[in-house]
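As written, the chain order gives the labels A, B, C and D, with residue 1 at the start of each chain.
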Amino acid sequence: MDYKLAVRDNHPEDTIIEIPGQAGITRIGKGYCTIIAGPCAVESREKYLEIAVQVKNMGAHILRGGAFKPRTSPYSFAGLGREGLKILEEAREITGLPVITELMDVRELDQILRYSDIIQIGSRNMQNYSLLREVGRVRKPVMIKRGLSATIEEWLLAAEYVLCEGNGEVILCERGIRTFEVMTRNTVDIAAVALLKDLSHLPVIVDPSHATGQRNLVGPVARAAIAAGADGLMIEVHQNPQEALSDGPQSLTPELFLDVLDHLKDLAALNHRKWGQAQ
Amino acid sequence: MDYKLAVRDNHPEDTIIEIPGQAGITRIGKGYCTIIAGPCAVESREKYLEIAVQVKNMGAHILRGGAFKPRTSPYSFAGLGREGLKILEEAREITGLPVITELMDVRELDQILRYSDIIQIGSRNMQNYSLLREVGRVRKPVMIKRGLSATIEEWLLAAEYVLCEGNGEVILCERGIRTFEVMTRNTVDIAAVALLKDLSHLPVIVDPSHATGQRNLVGPVARAAIAAGADGLMIEVHQNPQEALSDGPQSLTPELFLDVLDHLKDLAALNHRKWGQAQ
Amino acid sequence: MDYKLAVRDNHPEDTIIEIPGQAGITRIGKGYCTIIAGPCAVESREKYLEIAVQVKNMGAHILRGGAFKPRTSPYSFAGLGREGLKILEEAREITGLPVITELMDVRELDQILRYSDIIQIGSRNMQNYSLLREVGRVRKPVMIKRGLSATIEEWLLAAEYVLCEGNGEVILCERGIRTFEVMTRNTVDIAAVALLKDLSHLPVIVDPSHATGQRNLVGPVARAAIAAGADGLMIEVHQNPQEALSDGPQSLTPELFLDVLDHLKDLAALNHRKWGQAQ
Amino acid sequence: MDYKLAVRDNHPEDTIIEIPGQAGITRIGKGYCTIIAGPCAVESREKYLEIAVQVKNMGAHILRGGAFKPRTSPYSFAGLGREGLKILEEAREITGLPVITELMDVRELDQILRYSDIIQIGSRNMQNYSLLREVGRVRKPVMIKRGLSATIEEWLLAAEYVLCEGNGEVILCERGIRTFEVMTRNTVDIAAVALLKDLSHLPVIVDPSHATGQRNLVGPVARAAIAAGADGLMIEVHQNPQEALSDGPQSLTPELFLDVLDHLKDLAALNHRKWGQAQ
């Protein structure tokens, strides 16, 4: 294989990613259990700030929210763009939490760098090599979501594209793969999480929301992910999932999110995992 | 859908399966966490009895061991047949534990009924409807392994074939599905476990050995399964995996099995799960 | 690989299968282009005899019709059973054409042998090794449909099970594999046809009806199959597809079937292929 | 569905794409059978010009050759870049044939527009929506290769991204999808070709080289594609496949290419298809 930098051979120690912020340093990897939460897309200033404060108070460590949304159809809501980025910035100031948002286009890199603490590369761009090389040249953590039909090998080589350009802060995010099963949106590859923790030093996050597409499966799959060794979770939370502009059926209400977190904290403690954010 | 008996609509309560034995009643489902263990195939009397006693002492609740083995190639070792069944019977007497073994042919049903406490229907026969109907007419628990490319719907309808003939003691076993990923033997569908626990009243067991094909992934996937809500696990254990006649790379040594069990007991306790066998 | 008998290494010449009948010898393989046609299931004596005569007059070489039907749900129509076999026998007498029907259970082998000229092993039973071994011990051609998620290797090894028991008259039938694509019922693996014609001496038939699940795709895929080297086709034809008890959407009307055959004859001529039945 | 412009509802007539060049107008779609040929990558000026002249003399209508190559590993040969584009330009002048090459990055669009007659969007970028929108704003034909695990619906929506920006000259290229089968590189979805010709007015090209990954399967799959209704083929040809820097095992030698073309011409004539280039 062409892995050099993504695997443990020359880097036996777990990578830990540290994101300084107003509320302290947020950590991903190496024994921490880190929760990224928020709505799929930033839909309005008012709604976003409200949910941001809610998930922060419940225990989330990082805020998510899409400003540029990749959509299968050109006629779907594609995010608020720059306006969405500014709302993220405001949420970061109010909550003190770092934010993550998706980069879809090399020409938007400067904007994303200015407003986001972690750069997300979405599934559809996992093999967009121009994009990967560009984020390899900056000094900001990059989270690479697994492509819908990417093998573990291809995924690690996508990470390698970033690492070989000099950016060592790469996070892998399992978000379900495409299979023949139709009852769930995707099929979460739980063994891939365990395999990657063994083979690679990079942190691995699981997104049970996209992976399952069903609200009632988010909790059990989140627990399974931590039990299998994942370093954290990315969970969609929306005040009113029925009215969400995207991904409503898989979004948790704040109440359900709190319930999921409670279970996760016990599980994290059982596994001697530190909760992601320093006080 | 054509589910009637396999789902909660007319059967809201969890099904619990009780298997009486010399060492007490072994239970599967409804809050129990039950461990099935043993080698892939019964290879010899001496070796089988030795490992049976070992896994029993370590905490396993049910013994597994194939006497009739479905093999992709007609030239591979296909099990000891009737001789294997007799060895299973002896192991049951010595350990007091119930045994499970696979039925591949309707003509072997009487033999299997005599020697086995649970009838296993393998993945390749999940849609062998003659076989399903026949085991629906007997009074013995039946464990149906998910077909390699069976949807959850098809799997539940396989259970329905057994249930509609009058046998209500059906257990579902997730053992990984076939996908494009080649680093693991199959892809364990962890969300299917959570989905089934919600939709159906039947017990769900996970087989992390066949699902992953790799010894080092068995522990993490076993923990993920219990965290996701599975009612138990089926784990391959072999004294000397390198010399196993089948499935060596995924078999645990007794030492590794003990280690996996230790973690599982804590996890089961956290989830208020009873350990499968009454004293 | 464990292929010995299914591949060309020890059997470089194409296998040709000859089925004697009242209307002459029907041939499959080695340069012949052979058409199997008829409804999915035998639904009634009157309807079956009518369609049998129609497809014969249009140029079909072999009659198909299910008497024992494997159905995903236990509550679906599962065929007329023995009564269906007798109707097939009558159709054979009236048309002079050989018939093919599916064997699902080792206990029905004697019946099938009496009434059918070719034994069909369905997709769901492609790895039912007891069944494969039994049909390996008789003197009758066996057509093995590819399993829904069977690799080419597994499919050849299923053939090997029959061949190694002494029955050399095996036909392979590609009927589409299971993939993520949902617009077609299955995904016909056209390259597998070309690969098998290269690797194996056995005849390869394509079933464009099950492979696509859509009437309007049957013709183009049938032509593609012959162009890729297939030795024949298995096509579902029904007088009134809207009223078919199974597989209506993919069944051709007799008029459409005639149109498909016309195109195929030209294509077969271009490829120097003999039309399947001697006069 | 969100298709509006890609389907026949509002555009019943087949789209025909006309590319003017020194040797006349090259046409794709609406009854033409058009052959795109050349090596996977432009490897050197001398070798490229030689093979370009060869395939032109044998009957190819359009030259292919990658200057920017998407590679799974960051350490693989990624093309000659701008130098490769200049070699393509020279080949176009010498042969009079139009050329097609891949665009991977919005920032390279101007260069590609200058040197290439058709813009190729590769499989990995099929859902790179920024790229799709940009090529929708130019006046040049765009060929969109199907993503490795893209459904037909997603593929048509990728075309919709280009069409809705105003560029109506879109070609679809089936190049095999990812399945569990490992004997071929990908699984060519032949029914998708027939389905698209029915549903959409856009030309459909098949790439049997990438789809199969094996030289000996290119001819049969090429014939199957034309028989199923494809408007053309994209075939890799290399003087010395063993020394190719990428995709050697699937590249035809010029001699094999000539042989494949001979068969295709007869098949095209049988289907009343015009050969792609006007004299």
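One rule holds for everything that comes next: a residue touches a chain if its C-beta (ideal position, glycine included) is under 8 Å from a C-beta of that chain, and two chains touch if they have at least 3 such contacts.
All values derive from a computational prediction rather than experimental measurement.
Undergrad: Under the document's definition of touching, what chains do chain C and chain D have as common neighbours?
TA: Of all the chains present, those in contact with both chain C and chain D are A, B.
Undergrad: Applying the document's contact definition, name the chain pair with more C-beta pairs in contact, A-B or B-C.
TA: Top pair by contacting C-beta pairs is A-B.
Undergrad: What is the distance in Å between the mean C-alpha positions of chain B and chain D?
TA: Whole-Å distance between the two chain centres: 49.
Undergrad: Centroid from C-alpha atoms only, then distance chain B to chain C, rounded to Å. What do you get?
TA: A distance of 36 Å separates the two centres.
Undergrad: Going by the contact rule already set, what residues in chain A reach two or more other chains?
TA: 149, 153, 178-180, 182
Undergrad: Where on chain D does chain C make contact in their complex?
TA: 149, 151-153, 177, 179-184, 187-195, 197-198, 211-212, 214, 216-217, 220-221, 223-229, 266-267, 270
Undergrad: Which residues, counting only chain D, touch chain A once they are in their complex?
TA: Residues 2, 4, 70-76, 78, 104-107, 124-125, 127-130, 133, 148-149, 153-154, 157, 160-161, 164, 178 of chain D touch chain A in their complex.
Undergrad: Can you name the residues of chain D that touch chain B in the complex?
TA: Where chain D meets chain B, its residues are 149, 178-180, 182.
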